[in-house]
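Consider the two complexes below, in which chain A is the common component and chain B and chain C are the respective partners.
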Partner chain A sequence: MSYPVLKGVGYALVNTPDMIVHNGTTQTTEKIVNPESEYLKVIGDHIRKYEEVLNYAPNQVYIGNMKPEDLRGMEMPWADKGAKTAERFGKFGEIMPQDEFILLMKNADAFELVVLEKEFTEKTRTKLGAHPLYANEAAELPEGAELSVIEALVADHAEAIYNDGKLVGCVKRAHDVDTNLTAHVLFENLVVKASGILAFKHLIATNGFNVEDVDYVIECSEEACGDMNQRGGGNFAKSIAERVGAINASGSDTRGFCAAPVHALIEAAALVQAGVYENVVVVAGGATAKLGMNGKDHVKKGLPILEDVLGAFAFMIGKNDGVNPVIRTDIAGKHTVGTGSSPQAVITSLVAAPLDRNGMKITDIDKFSVEMQNPDITKPAGAGDVPEANYKMIAALCVKRGEMERTQMGDFITNHGMMGWAPTQGHIPSGVPYLGFAQHDLTEGDLNRVMIVGKGSLFLGRMTDLFDGVSVVIERNSGVTEEASSVSHEEVKNMIAEAMKDFAAYMLKE
Partner chain B sequence: MSILDNKKVIIIGDRDGIPAPAVVECLKDTSAEVVFSSTECFV
Partner chain C sequence: MLVLLGAAEAEASGLAAETVTNGDPTYAGSLAGVSLGLRVYHVVEPEFKEAVNADVYEEQIGMMEMVLDVDGIIEEMKTIREQFCKF
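Showing the complex of A and B:
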């Protein structure tokens, strides 16, 4: 079987301080139910500066300037510890400031819905013009509007865009009565699209890919685009492909809450392995709704609001090149309708069952990438350390199956697990933040096999009480591609046929 | 006899810990009445 490979990744964070206050649902809900709350009064004192966001170790891990293992020895909380480096650009992508991102929203806008203020546009255009991936886009941006025009639009149902506390633009609604085309929905959708484009561009540039080689795009965030007749009809994927110049690509959106990226990874691998497409890009942008989601707890504990970045990623799955890590589509786990919800049943279905089917043990997996939520964010909010909770359950199952002693659990968690570094952006931490490191660990590094696990809270949609999960194994490439062996197979067959023919001719002559 | 016998119970489960349906399952052998159960996602 010729397995598809992980060809490359691109990751981006966008620091959006004003969007925490104006677009994060914890804050917008508080403004409605408790407008005079102490939280809203002090929130401004807890917003980090861009430089502080750069100087935050989990963020530097996300863009590849630090490694997940660098977090292992760091004393928590991490927020006041700084990072080894505070660079904007990293091996996998970048951490973009809000002002430039607002221009990216305008660039992503295909229907003249985004209106930006004149002076802000010109000032930021110069900044964005220096960006290695956006010089042309910056030059092509139209001139901005007068502030009075924007103020009038905001008074007439448009969603305001703020920077440094000042009104600098807005997103207009696209219909008078359609609830799916309100300014609020379009704002969130344009943020997803613009941040997805950013990660996609990094994927292409960092890996030296030709964007025209992309055949198909799967977008796997948690937003929905469509109008009142087809809420969530799509298609973010193709709209992103269009903006990055992937002229030979079509695409579609895959949804599954936080599990969607791993679903998309498996789907992309299947499409390549089946020969339907050669190069499939999986991409997702970030969610403004989740900015400051646990902000109240962070403020209560005197911490900065740590959910101050949008997350985005893109990765490419392609045909086996004999070098890059292979996606073992035959070692994929799924939480089925009938699995049940006990932790033992869940971990068995996602981790043990696919390994059992292939005669492997849990300890045969060198590294598990689960929901890589940053514990610096979740622990102060009382949500615990999500990756650690998952590793404990995997380790417990390992002990129960007799694969190791109970006393080895601690070492197992350290050696086969990682500290989380991804922002709590729903789908963003879903196993895939590790793909960039996995590509290295399974080629130049010393790992042979990793498992990517994604879980999704389907019950949030109120259609089912179930949750969901899928997993897949990625392995070091043996260097033998199917093409190479099938060609030689064919050659052998031809040689035998030739020999038989010669032999028959000889016999007839006799 | 369980400490939850004849009690009304509210269950809040955690997706990455013990989900609510698993807790409900554990209470089936008691006479506790589950008046509300929900799994929450804290991330």
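Showing the complex of A and C:
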């Protein structure tokens, strides 16, 4: 069996300070239920500048300028400690500022729904024109509109777009009565599309891929696009493929809350291994709704609002090239309907069961990438350290299975785990932020086998209260791209000849 | 009647325990200012562990017992019970 490989990654963060206040649901809800609240009065003092967002260690890890190991020794909170580097661009992608991203939203807009102010457009067009991946898009942007036009549209159901506290544009609604085509929904969907395009472009550019070689795209964020007759009809994937010039690609959307990226990874690997497609890209954009989700707790603790970036990623799965790490589609775990919800049952089904089926031990996995939420964000909000909790559970399962002593749990967590660095954007932390490092660790590095685990809570959609999760192992490539077929051509010829002879003898007898 | 908790850490356990004994400390829900004084235990406390089938306990909770800060939870639960439990 020839396994598919992880060919490359692209990661992007977008710093969106104004969108925290105007589009994050914690803030928009507060404006409705408690408009005079102290939180809304002081929130402006807790929003970081772009330079501070760059100079934040977890963000630099996300784009590949720092390694997950660099976070291990850093004293928390990380927010005031700075980073080793405060670069905008990194090995895997970039951290884009809000003004340029607003032009990306216009670029992503296929239905003239985004209207930007004239002066803002021209000023930012020059800035975006210097971007290595967006020079053409910047030049092609249409002229902006007068501010008065935008003010009138905002007064008539359009969703405002702010930059530096000023109105600079809006997203119009696309229908008078359809709640699925309101300006708010279209705003969120255009953000997903635009940030997905950004990560996709980085994937193609940094790896030197030819975008026309992409056969299929799977989008796996948490938004839904469609109208009142098909709320989640889709297809973000194809709309992103179109904008990046993937003219030979089709695509579709995969949903599964926070677990969707790992579902998509397994699906992409299966499509390639089955020979349906040669190169499949998995992509996801970011969610404005989750900006400042834990903002109240951060403000209460005197911290800046740390959920100030949108997250996006893209990665490509392709045919075995004998070099890149292989996706072991035969070592995949799943939380089934019958699994149950106790932590023990969940970890057993995702981690131990697929390894047992392949005669492996938990300790045979060098590194686990679980939900890699940045603990600097979650701990002050009372949600604990999510990756650490997962590693503790995996370690405890190891002890229960007699694979190691209880006293070794601490070492196991350090050696087989990592500190989290991903923004709490739901699907973004789901195992896949490690793929970029995994590609290195399993080729030039010294690891041989890693497991990617995605987990999700389905109750939020009110269709089931089941838990969900899937996992898959990625392994160092043995260098053998095609295992010898068990039956040679010569043997097949002989078998057919034998069968023909038998048939002839049977006919003669008749 | 008793209330059984399964929260993942001491502070959250204490909050839930206080809610069903002294009343909701956050004044957010229907038990704000209502002191029920109920018996309340966390599943990792010895009182509960000794009362149930050891195999079932091991299967359902054994792993989490290794993961959670059991001593911290027990201490928090005891403090709440000593202060507010009426039974």
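The rule is simple: the second predicted complex is superposed on the first by the 482 of 510 C-alpha atoms of A that agree within 3 Å, B and C clash if a C-alpha of one lies under 4 Å from a C-alpha of the other, contacts with A are read in each partner's own complex, and residues count from 1 in each chain.
Here is the rule we go by: a contact is a pair of C-beta atoms (placed from the backbone, for glycine too) under 8 Å apart; a residue touches a chain by one contact, two chains touch by 3 or more.
Small disclaimer: the values here were computed from a predicted structure and weren't measured.
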item	value
Contacts of A:Met409 with chain B and chain C, given as first, second, both or neither	second
Touched partner set for A:Gln373, first chain B, second chain C, both or neither	first
More chain A residues in contact - chain B or chain C	B
Touching partner for A:Ser457 - first (chain B), second (chain C), both, neither	first
Partner chain(s) touched by A:Gly382 [first = chain B, second = chain C, both, neither]	both
Touched partner set for A:Phe313, first chain B, second chain C, both or neither	neither
First, second, both or neither for A:Ser342, with chain B first and chain C second	both
Touched partner set for A:Leu397, first chain B, second chain C, both or neither	second
Overlap of the chain B and chain C footprints on chain A, listed as residue numbers	342-343, 382, 384, 389
Chain A-touching residues of chain B, taken from the complex the two chains share	13, 15-22, 25, 38-39, 41-43
Residues on chain A engaged by chain B in the complex (per definition of touch)	258, 340-343, 371, 373, 378, 381-384, 386, 389-390, 424, 426, 429, 455, 457, 459-460, 465, 467
Contacting residues of chain C [partner chain A, same complex]	8-9, 11-12, 59-64, 66-67
In the complex, chain A residues that touch chain C	342-344, 347, 382, 384, 389, 392-393, 395-397, 399-400, 406, 409
